[in-house]
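Each of the next two complexes has subunit A plus one other chain: subunit B in the first, subunit C in the second.
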Partner chain A sequence: MDKINKNDLLKLLTSLKDKNKLIAPVKAEKDIVFDYVNDVKDIVLDFTNTVKPAKEFFIPQREDILEFNNGKIKAIFSDEKRVFFGIRPCDLKGLCVMDPTFREGIEDPHYLEKRKNTVIIALACTTLCDENAFCESAKAGPVADGCFDLQLIPLGKNEYFVENGSKAGADIIDKNKQLFKKADKSDIKKMEDTKNKKINKKKVDLDLFLEKLKGRFNNKAYWKEASLTCLRCGACNYLCPSCFCNNMVDNTKKRYRCWDSCMFRGFTRQAANLIPRDELYTRFRQRLYHKYKWHKERYGVHMCTGCGRCVTYCPGLIPYIDIINEVSNSNGE
Partner chain B sequence: MPKVLTTCVYCGCGCGLYLDIEKDKVVGVTPSFNHPVSRGRLCVKGFNVHEFIHSDKRLKKPLIKKNGKFVETSWDNALSIVAKRLKEIKKKHGADSIACLSSAKCTNEENYIMQKFARAAIGTNNVDHCARLCHSSTVAGLAMAFGSGAMTNSIDEIENADVILITGSNTSEQHPLIATRVINAVKKGAKLIIIDPRKLFLSNIAHLSLQQRPGTDVAWINGLMHVIIEEALEDKNFIKERTEDYEKLKKTVKRYTPEKVSKITGIEESKIIEVARLYGKADKASIIFSMGITQHTTGTDNVLSLANLAMLTGNVGKESTGVNPLRGQNNVQGACDVGALYDVYSGYQKVADESSRDKFSKAWNVKLPDKQGLSVVEIFNNAWKGKVNAIYVMGENPIISDPDANHVAEALKKVDFLVVQDIFLSETAELADVVLPSASFAEKDGTYTNTERRVQLVKKAIDPVGQSRSDWEIICDVASRMGYKMGYKNSAEIMDEIASLTPIYAGIGHERLTNWGLQWPVKDKKHNGTKFLHKDNFTRGKGKFHAVEFKEPNELPNKKYPYILTTGRILEQWHTRTMTGKSATLDREEPFGYVEISPEDAKALEIKNGWKIKVSSRRGSIEPIARVTDSAKPGVIFIPFHYKEAAANKLTNPALDPIAKIPEYKVCAVRIDKI
Partner chain C sequence: MENKSPYLPKIVKIKKVKQETEDIKTFTLDYKPIFKPGQFFEIGINGIGEAPFTAASASKKHFQASIKRTGKLTEAIHQLKAGDKLTIRGPYGNSFPIEKIKGKNMLFIGGGIGLPPLHSLIRTVLENRGRYGKITVFYGARDEAQIVSREELKNIWPKMKNFRVVVCVDFKKNKGEWPHNVGLVTGIMEKELKHPFTRNKNTIVFVCGPPIMIKAVIQKLLEHCFKEENIILTLERLMKCGFGKCGHCNVGEKYICLDGPVFSYKEIKEFEEEF
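Here is the complex of A and B:
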C-alpha cells in the first residue's frame, strides 16, 4: 500500500500530462471548476466541489456527434487520452451509475470512448462540501468504494493514501515508483478513520424511500404540492452527476446532442404535439421515480449520489431531502 | 473546459455565469456560485444561453439588397453605402429625417455610441429604444415622485421583507431568479400579495391573489390608500419629514371608497381592506412591479400611485422596502442610463437643458440639436407619413415587438433607407436595404446594468462568428465615414468617456467592476456604489405625492369586440424569439403561439383546448391555439407576444401614455371567432 506527498503528486501529474490531456480542479475567475491544465501549479487541492459536475467531460452539455457533408455522414469521435484528477466520489459514482445506460443495448461510442480513454484519479473528501450533501446515505462518499483507477485519501494536509482500483492505476504506480512511499500502519489507520468518519449533516434512507414510493405514485395532491415552486429550470438534471438524458438536434451541417431535462414540457413532446407529461407535477414525479425506483430496479443502483446540488441550486428552493424523508416516513400512500 | 465569467444576456436579473469553451465554441454554461444575484442558480434560459451563439442562421457577412434579394458584400462596400445614403438623406431632408433605434440587448458602451452617433454624427435627437415600450412610464413616474427612475432597492433585500406586493409582474416567468428571493421570503414568513389580471404561478404560494379588471390599477391603489388613511395606518412622521403635497393626495383618495373601487376593478371590497391592512401594517413592505403596471395609457399614473402608496406608509428609503420596477431586458436599465432616449443624454441629463447641451457639445466637439427627438412609436408614425426617411436599427425587431405591427411594417417599407444591425436576419432585417452582422454577447467586451442598477462586465469568450463585429465598432466606422470621427481602443475607453460625462456613472470603469460590478449612483472612483436609493433624502429632495384620478383604458370592449386582450411573455421564450427561436431546448418548450381563455368563455364560444381560433381587434387578426385555463378570468384573454405566426402586436393598441409615450399593450378590445 502506497502514499504520496503533495510535491510528488504534482510531479506525477506533470509527468502524466506529457502523454495525456490533464483535467483537474482550478480556479476560474470566482469559482473552482474543472478545466484542462497546462501548469500543475494551477491545480486547487483543497476545493469542496464544483457547481457543474464532472460529467461535462464525458457527456458535454453540447456535443457534435455527426457531420453532414454532400450527402456523406461522418461520426465525430475523440480518442484523446486523458487523465482526470480530483474528481470527487459523488461525481465519480455518478459516472458509474450512468455507465450501464450507455453500455447496455445499443452502445454509445461517444460516451464509452471517453470513458475508456480517461484515467480517473479520484480525490476523497474529508470535510463537508455542502449543507445538503447526503453522500453517506447514497453510499457514494465521502470516500469512493470503486470506479476509480486511483483514489487519493488525504492523510493530513500534504500527504495522500493511494488506493489502486484498476490495471491502469497499478501501471501509474509502477511506472512512477520513485514518487510513492510505502504506507505504514498509522497511515492505514488514518485512512480507515477517514473512511469511517461521518461528515454529512443530512441523512436519508433510499431503500425505504423506494419502498414507500410504490404506493405514492397516484397521490396527485401530494406531487402537486411538492412541485409547487418548481421553476422548470432544469438545474436538478443539469447539475446532477448521474442524469444523462440528452436531446438530438440536426442543423444543416451537423447533428449535435445536448443535455435534456425531464422537468421540461418538451421532453415528452410527440408528433401532433401530444405531451404525455404536460402537467408539471407529472414531470416532477417522473424525475424522482426514475432516480430512486426505476433505475434501481433496472440496474441495481440508485441514480443519485447524494451530492446535494439539486437542493442547493434549485431556484424554486424545493427541499428534495425533506421530500425523501417525508415519503419515507409516511404510510406509503 | 475553459470557462469565461460573464453576465447573462436574457433578462434584467443579470445573473452571473461562465461560458464553457471547447475548441473555440461555446458548448455550455456553468453557474457562478458566488454571484450576488444568482448564487449558483440559473433559469432555463440562462442554462441554455449558449445555444443560439453557433446557430447556422447567424449572420456572417454584410448583406445588401439587390432587386429585392440579399447578396453578400464586403464590409467596406456595406459601410460606404450606409454612410453615403445617410449623408444624402440628411442633405435632402435634414438630420431629423433620420431616426436610430438603439438596443437594450446591447452593452452600455454600444448604446452610448449609438446615441452619440445620432446626436453628434447625424445631428438628431431621434434616438430611442424598447425601454419606451416597457418602463418609460416607470422612469417618468418615479422621476416625478422621487427624482430617480430606477429600482429603489436591491434584489438581495427582497428576502427580508415582511410583505411583498407584486403587481403586473409575472416574476417566476420573467425574472426567475428574483422569484427565488420571493419564494425564500415566503418560506421565511413574509406575506405575498399578488394583484394581476391573471392567476400567476406565484399565486400558488401567495397569501392573497386578486385579479383586477385590466387597466384599473389607479383605482385599487387609491382604494388601498383610502383604507390606510381611514384606519390611520399611514406613516405620519415620514409624510411630514420626507414628502410634500400629501393633502392633495388625501383629498383625492377620500373618494376612492372600497365600494367604489370594487365596482371599478372587480376586486371584492373586503379584499381591498385586507390588502390595505397587510401592506399598511407591515414594517418592511416591498412593491414589485413590471409591465402590467407600465404598459397603459395611464402607465405614468399607475407608477405615481405605487410611489404614493410607498411614501404614505414610509416604505421607501430603507432596506427591504421600496418601489421596485423589474426591468425586462438584460440592459434596458443601462441603455436608458447612457442616454439612448430621445430627450436625455447619459445620466438622464436633459437635451432641453442648455447647460447639459453645452457640456456634451464641448465633449463631443460638435453643435448639438436642441429639439427633442421622436419616440419609438412616433418614429414609425412619422415614417408612415413620409417625415422620417431613414431608420438605423441596432438589435431590435419592431415588426414583432411594437404595437399595431402591421402599421410598423408598412412604415418600414415606406422609408427610403433602412439599415439593420443584428446577429440574425430578424423579421425587421428582412426589410432592410443593408444588413450588418453583429457580434453576440459572447464575442465582445462591455457592461450591462441589471435591474438593481448593478453595472456588470460582459466578457469576450470567443472570436466573433464569421465576419461579425461589435456594434460599437460598426457604428464608429459609419460615423467616421460620414465625416464625424469616432474611434476607441476598446469598450473600456468608451466607459471612461461615459463616466466623465455622467454623474451617476462617475466612479465606474471596467477595472472597478471585477468584483460583481457596482450599483449606481457611483459618485467617484472611491465610492462603492449604492445599495438602495433615497435613504435620507429623495433624489429630488422631498418625495412628491401626486393626486391621481382613475381613467379608463383607451379602448374598452363593446358589442363587436367584447373581450379584453392582455399580452405578455413566457419563461422559455424571449421577446421576438430572435435568439430563443434558434435554441432547440428553449423553443421546444413553447414553439407555437397560443391564447389563454377562461373555461367559461371557451364554453360560451364552443371552443375546445388546442383548437386554432381567430382573434381580431380593430387593427388586425391572428390565429393562435386556444389554451383553456382558469388563470384567465372570463372576459379577459392573454396572448404571449413572441410569435410572428400569431403576433399579438398585430392586435394591440398604439394609444400612448401622454407623458411617457408608452403604448397600451396591456388592454385592447378583441373579438374571438371559431375557424
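Here is the complex of A and C:
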C-alpha cells in the first residue's frame, strides 16, 4: 500500500501530462472549476467541491456529434487521452450511475470513448463540502468505494493514501515508483478512520423513499404543493452530477447534443404541440421518480449521489431533502 | 472510429411520393431494411433534424412511411420529391407480438395517421394469411378528405376473405362516394363490437391514433370486456435518440423507444395520466 506527498503528486501529474491532457480543479474568479491544465502550479489541491459537476467532460453541455459537408455526413469523435485529477466521490459516482444508460442496447461511443480514454484520480473528502450534502446516505462518499483508477485519501495536510482501483491505476504506480512511499500502520489507520468518519449533516433513506414513492404517484395535490415555488429553470438537472438527459439540435453545419431538463415545458413536446407533461407538477414528479425510483428499478442504482447541489443552488428554494424525508416518513399515499 | 457513431444515418434516395390526403404523404425510399412490424426509424434532413416514424412497409421491401405535415421537419420533408435525399437510421424499438397472435382474431382500430403504422403488421399477416384468424379494421378520420390508405380500405381489404372493414368520419362535408358512418370511432364501436364477425373477447386489438382517441377507445374496449393484456397500443412520445440515451421518452421504468413503442394496455395503465 502506497502514499504520496503533495510535491510528489504535482510531479506525478506533470509526468502524466506528457502523454495525456490533464483535467484538474483550478481557480476561476471566486469559484473552483475543472478545466484543462497546462501548468500543474495552477491546480488547487484544497477545495471542497466545484459548483459545476465533472460530468461535462464526459457529456458536455454542448457537443458536436455529426458534421454535414456537401451532402455527406461525418461523425465527430475525439480520441484524446486524458487524466482527470481531483474528481470528488459524488461526481465520480454520478458517472457510474449514468454508465449503464449509455451501455444498454446500442452503445453510445460518444460518451463511452471518453470514459475509456480517461484515467480518473479521485480525491476523497475529509471535510463537509455543503450543508446539504447527503453522500453518506446515497452511498457515494465522502470516500469512493469504486469507479476510480486511483483514489487519494488525505492523511493530514501534506500526504495522501493511494488506493488503486484498476490496471491503469496500478500501471501509474508502477511506472512512477520513485514518487510513492510505502504506507505504514499508522497511515492505514488514519485512512480507515477517514473512511469511517461521518461528516454529513443531512440524512435520507433512499430505499425507503423508493418504497413510499410507489403509492404517491397519483397524489396530485401533494405534487402541486411541493412544486409551487419551482421556477422551471433546470438548474437542478444541469448541476446534478448524474442527470444525463440530452437534446439533439441541428444548425446548417452540424448536429450537436446538449443538456436538456425534464423541468422544461418543451421536454415532452410532440407533434401538433401536444405536451404530455404540460403541468409543472408532472415534470417535478418526473424528476424525482426518474432519479429515485425508475432508474434504480431499471439499472440497480439511484440516479442521485447526494452532492446537495440541487438544494443549495435552487433559486426556487425547493427543499428536496425535506421532500425525500417527508415522503419517506409518510404512510405512502 | 468515424463510422462507429450510432447517430450516423444512411443517406437514401426517395423513390416515390404519394399524396394520401391534404397533409399526409407516403414516401417510398430506395432502401430495403430488415425490421419487424411495429418498429420505427429516425428519418431526417441534415440541418433541420430527425424524428421517429413507423415503417408502413414490410421488412426487406422498399421502405415506406406515411408522414403527416405538422411542423418544422415534416414541413420540410413534404417539400421533397422523388430523387431527393433523406437520412434514415434504425430500426428501433420492440415490435408487434407476432407470435402471440397466431391463430387469433384481430381487430385493428386506427385514427387519422394511426393506420399506416398498423399497415406493416397487416401486410405481414396477409403474407401468411393461413396462420391467423379473422381481421377487422375500424378506421376513423376527421372527414372524407383525411382518409388514408384509400385503396386498401375501399377496394382491397373488403374483398378479401375473413376481412371486414368499417370506416367512419367525424364530419360529413358533402355527399361522398364512400359508404361510411358518421361519428367518432368510439361511436361505431358500440354497434360494431357486437357484430358476430368481430365479437369475441379473445380477439387481439391493435390501437393506434391520437392520444384522445386511444383513451376513448380503450374505455370502450374495457366496457365490452376485452382483456387488458389483449389491447395493444403503439405509443407516441418525443424521441431524440431512439435507443435509450436521451431520456426524453422515459415513462415509469420504461423507455418508450427501447421497451416500446408497442405495449399492452396492462403494461402501461399505471401511467395513463402520462399520455
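The rule is short, and it goes like this: the second predicted complex is superposed on the first by the 333 of 333 C-alpha atoms of A that agree within 3 Å, B and C clash if a C-alpha of one lies under 4 Å from a C-alpha of the other, contacts with A are read in each partner's own complex, and residues count from 1 in each chain.
In this text, a contact is a pair of C-beta atoms (placed from the backbone, for glycine too) under 8 Å apart; a residue touches a chain by one contact, two chains touch by 3 or more.
From a predicted model like this one, the values you see are computed outputs, not experimental measurements.
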Partner chain in contact with A:315 - subunit B first, subunit C second, else both or neither: first
Partner chain(s) touched by A:221 [first = subunit B, second = subunit C, both, neither]: neither
Touching partner for A:290 - first (subunit B), second (subunit C), both, neither: second
Contacts of A:246 with subunit B and subunit C, given as first, second, both or neither: second
Touched partner set for A:68, first subunit B, second subunit C, both or neither: second
First, second, both or neither for A:262, with subunit B first and subunit C second: second
Which superposed partner A:234 touches (first subunit B, second subunit C, both, neither): first
Overlap of the subunit B and subunit C footprints on subunit A, listed as residue numbers: 247, 249, 251-253, 260, 269
Of subunit A, residues touching subunit B in the complex: 28-31, 33-36, 51-52, 56-57, 60-63, 228-229, 231-235, 238-239, 247, 249, 251-253, 258-260, 264-266, 269, 273, 312-317
Subunit A contact footprint on subunit B (complex, rising order): 1-3, 5, 16, 18, 20, 22, 27-35, 40-44, 46-47, 50-51, 55-56, 172, 176-177, 179-180, 183-184, 187, 204-205, 514, 571-572, 584-585, 588-590, 592
Interface residues, subunit C side, partner subunit A - complex: 1-9, 11, 46-51, 68, 70-71, 74, 85, 87, 210-211, 236-238, 240-241, 243-248, 250, 252-254, 258, 270-271, 273-275
In the complex, subunit A residues that touch subunit C: 65-66, 68, 71-75, 77, 79, 101-102, 104-110, 113, 217-218, 244-253, 255, 260, 262, 267-272, 274, 276-277, 282, 286, 289-290, 293-295, 297-298
